[in-house]
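What follows is a group of structures, each given as C-alpha cells.
Look for subunit A in each of the two complexes below; its partner is subunit B in the first and subunit C in the second.
Our next item is the complex of A and B:
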C-alpha cells in the first residue's frame, strides 16, 4: 500500500510534470489565465491521463509485447490516445451535455498534448504493472492539475499588480513559472526513486 | 522479416479497427446541431459581454434558436441591426432595441471633491472600496481608480485626468459591464438622447454633500419646482429625472440653467442642446 502511495505522491509532487519535467508547457501557459478554465482543464487531464494509460497498458501487454513489437509503442500510443479521446468526446456530447459544456473543448485540446503521451511511455519504460501504471497516471494528472490551478491563481493576482511594460503578459508568466518550479525543486529528494 | 510482417499487420489491423470504431461512434452518437445556431452566432458582435443574460454569445445563439420564448432583441451591443438579422434567421418578430449608453453619475473631480486619506493599495475601485470605504470624503462618489475602464471590452471608456471616467457615446454599446462592476453603482444606463442628467448620486443631506464636494446635488429642489411637467423629484436629497417625461414633453429644459451647483447640466457626450441654451448656461 505504502508503495502505491509513494508512487502517487512522487508522480504528483516530486516529479511534477510541468515544474520538474517541463512537459506540457503549452497548456500550462495557454489555459492558466483564469481559475475556472484551469480547474476544468485539470479535471480533463486527470481523467484522460488515467484512462488512456489503462488502455495503452492493455494494448502494450496483449498486442505489442507478445508479437515483439515493442519498438512500435510511440506510434501506436499516439493513435490509441487520439481515437480514445475522439470517442470519449462523442459519448460525452451525446449522453452528458452539461459536462460537455463545461469541459468539452478541453478534451480535444488535451488529445494531442505531450503529457498524455508521456505517461504511457514512462510507464512502459519503467515496466510498471497495470495497477502501478494507473496510479502513476493518476498521480501525474493530479500533479499537473495542482500546478495548473496554482499558476492560474497566481496569474489572477498578477492582473492587479504593476508589471513593467516590457515583461507584461507572457514574460512575467514565464518568470513566475520559473519561481514556482524553483519552489517545487524543494520537494526533490523527499521520496527516493 | 517476421517482425516486419507482424508490424504491418498490427498497424493495418489497429488502423481499421479504430477507423470502424470512430465511424460507428459518429453514426450512433452524433448530435444534431441546428445550423441556425451558428448563423446567429456569426451575426452577434462577439463581445461576450453577457448583457443578454446568457454566459456568452454562443449560449444566447443557442437559446434564441431553440427556445421560442427568447426574444431576438436581447443583444444590446448589436443594436437594431443585429436584432433584425437574428429575427430573420430565427423567424421571430423583432421589437426595437432600446439603445442606451453608460452614464457616470458623479462630477466630484480631484479639484472639487475632498479626499480623506491617501490610498496606496491595488489600483482598483473594488479593493479601495473594501478598505474603510475608499479614500473619498463622499461615500457615494467615484473613486477614480478606473475599474470600469478596465472592464470595458469595447474601448469606450477612459479615465480623465480629473479622476472621473468618460464615456465615448460612439463606442459605448450599453452592455452594462461597467455598471455592474462599479462598487458604488455610480454608472447607470440612460438613453443617449436625454438632455437632463443629474451628475451626482449622493443621498447625503445638503450640508454633508457641501462639506465633501463642491459639485454635488444638495437636494435643494429648485429643479423640481421649475419643471412644469413634474419630471424631476427629490428622492432622499437627490434629484431624480424621469427620462420618459423629460424626453417626450420637454423641449426647453429650464432646469438646466437654474441648478446652483451645476449638477444638472446638459449631457456633454450625448446630444448637445442648441447653441442658445449653451450660451445661456455659460453666462
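Our next item is the complex of A and C:
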C-alpha cells in the first residue's frame, strides 16, 4: 500500500509534470490566465490521463507485445488517445450536455498533447504493472492540476502589479513559473525513486 | 529570392520558440547542455522538413475533414524512423533525450506548419519552409543551451571554458533556471524590438523636420 502512496506522491509533487519534467507547457501558459478555466482544465486532464493510461496499458500488453510490434508504440498511442478523446467528447455531448458546456473545448485541446502522451510513455519505460501505471497517471494528473491552479492564482494577482514593459505577458509568466519551480525544487529527493 | 525569404522568416521574425511560443517543452527539457540541444534541434528539423514534403505532396488527395489525423500519423511515422536511427547510431544521445524524443510527435510547431503552410503550397517551398523553421528552432535551442551550460557549468559542448575559479550556480541547469532564462530572453527580444522601433520613429521625425 505504502508503495502505491509513494508512487502517487512522487508523480504528483516530487516529479511534478510541469515544474520538474517540463511537459504540457503550452497548456500551462495558455490556460492559466484565469482561475476558473484552469480548474476545469485540471479536472479534464486528470480524468483523461487516467483513462487513456489504462487503455494504452491494455493495448501495449495484449496487442503490441505479443505481436512483436513494440517499436510502433508511439504511433499507436497517439492514434488511440486521439480517437478515445474524440469518442469521449461525442458521448459527453450526447448524454451530459451541461458538463459538455463547461468542459467541451478543453477535451479537444487535450487530445494531442504532450502531457497525455507522456504518461503512457513513462509507464512503458518504467515497465509498471496495470495498477501502478494507473496510480502513476492519477498522480501525474493531480500534480499537473495543482501546478496549473497555483500558477493561475499567481497570474491573477499579477494583473494588478506594475511589470517592466519589455517582460510584460509571456516573459514575466516564465520568470514566475521559474519561481514556482524553485519552490517545488524543495521537494526533490524527498522520495527515492 | 522568394525561397530565401521562406527560409529566413523562420530564423528570427517567426522563430518558433521565442516569437510563436510553440514547442516550449523541449526548449526547456533538453537544453541543459549544448550537445543535447543540438541533437534535438536537428531531429526536429528533419521531422518538420519530411512532414512538410509529404503533406504538400498529398495536399490535393487528403480530404479536409480527416486532415489532422492524417498529419499526425505521418508525423508519428517519421518520428519513429528518426528514433530508430538515433538509437542505432547515437545511443548515448538517444538515452539522454529519453521520452522527449517520442514526444516530438505532438509538437505544436510541426502540426502548425503542415496546416498553415504545407497544405497550401507546392513541394519545394514547403521543404524550404520546413528547413527554415527547423533551423530557427535549432537556433533557439542552441541559444538557450549555450546560456544555460555556460552559466550553470562553465563549459561549452562539454569542454571546460571558464577556469576553476568559477563557482557555477547549479540552479541554472536545474528546472527553475530553464524557465527564468527563457523569460529573460523573451524580455531582451522585446526590448531590442522596442529600441529599433523608437529609433525608426526618431529618424522619421528628424527626416520630416529637415524638409
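Remarks
Convention: the second predicted complex is superposed on the first by the 193 of 193 C-alpha atoms of A that agree within 3 Å, B and C clash if a C-alpha of one lies under 4 Å from a C-alpha of the other, contacts with A are read in each partner's own complex, and residues count from 1 in each chain.
Note that a contact is a pair of C-beta atoms (placed from the backbone, for glycine too) under 8 Å apart; a residue touches a chain by one contact, two chains touch by 3 or more.
Note that the structure is predicted; figures quoted are calculated from it, not measured.
By the touch criterion defined above, A:22 reaches subunit C but does not reach subunit B. Of the two partner chains, subunit B is the only one touched by A:94; subunit C is not.
Legend: residue contacts after superposition of the two complexes on their common chain; A:161 is shown touching subunit B, with no touch to subunit C.
Of the two partner chains, both subunit B and subunit C are touched by A:79.
In the superposition on chain A, A:68 makes contact with subunit B only, not with subunit C.
Once chain A of one complex is fitted onto chain A of the other, the partner contacts of A:126 are absent, as it touches neither subunit B nor subunit C. In the superposition on chain A, contact of A:113 is made with subunit C only, not with subunit B. More residues of subunit A lie in touch with C than with the remaining chain of the pair subunit B and subunit C.
For the contact definition in use here, the residues of subunit A common to its subunit B contact set and its subunit C contact set are 72, 75, 79. Contacts from subunit A toward subunit C in the complex involve residues 19-26, 29, 71-72, 74-75, 78-79, 82, 112-114, 117-118, 121-122, 125, 164-168, 170-175, 177-179, 181-182, 184-185. Chain contact summary for the complex, subunit C toward subunit A: residues 21-22, 24-25, 28-29, 69, 72-73, 76-77, 79-80, 83-84, 98-99, 102-103, 105-108, 111, 171, 174-180, 182-184, 186-188, 190-191, 194. Every residue of subunit A that touches subunit B in the complex is listed here, in rising order: 63-64, 67-69, 72, 75-76, 79-80, 83, 86-87, 90-91, 93-95, 160-162. Across the complex, subunit B meets subunit A through its residues 3, 6-7, 10-11, 14-15, 18, 21-22, 25-26, 29-31, 122-124, 127.
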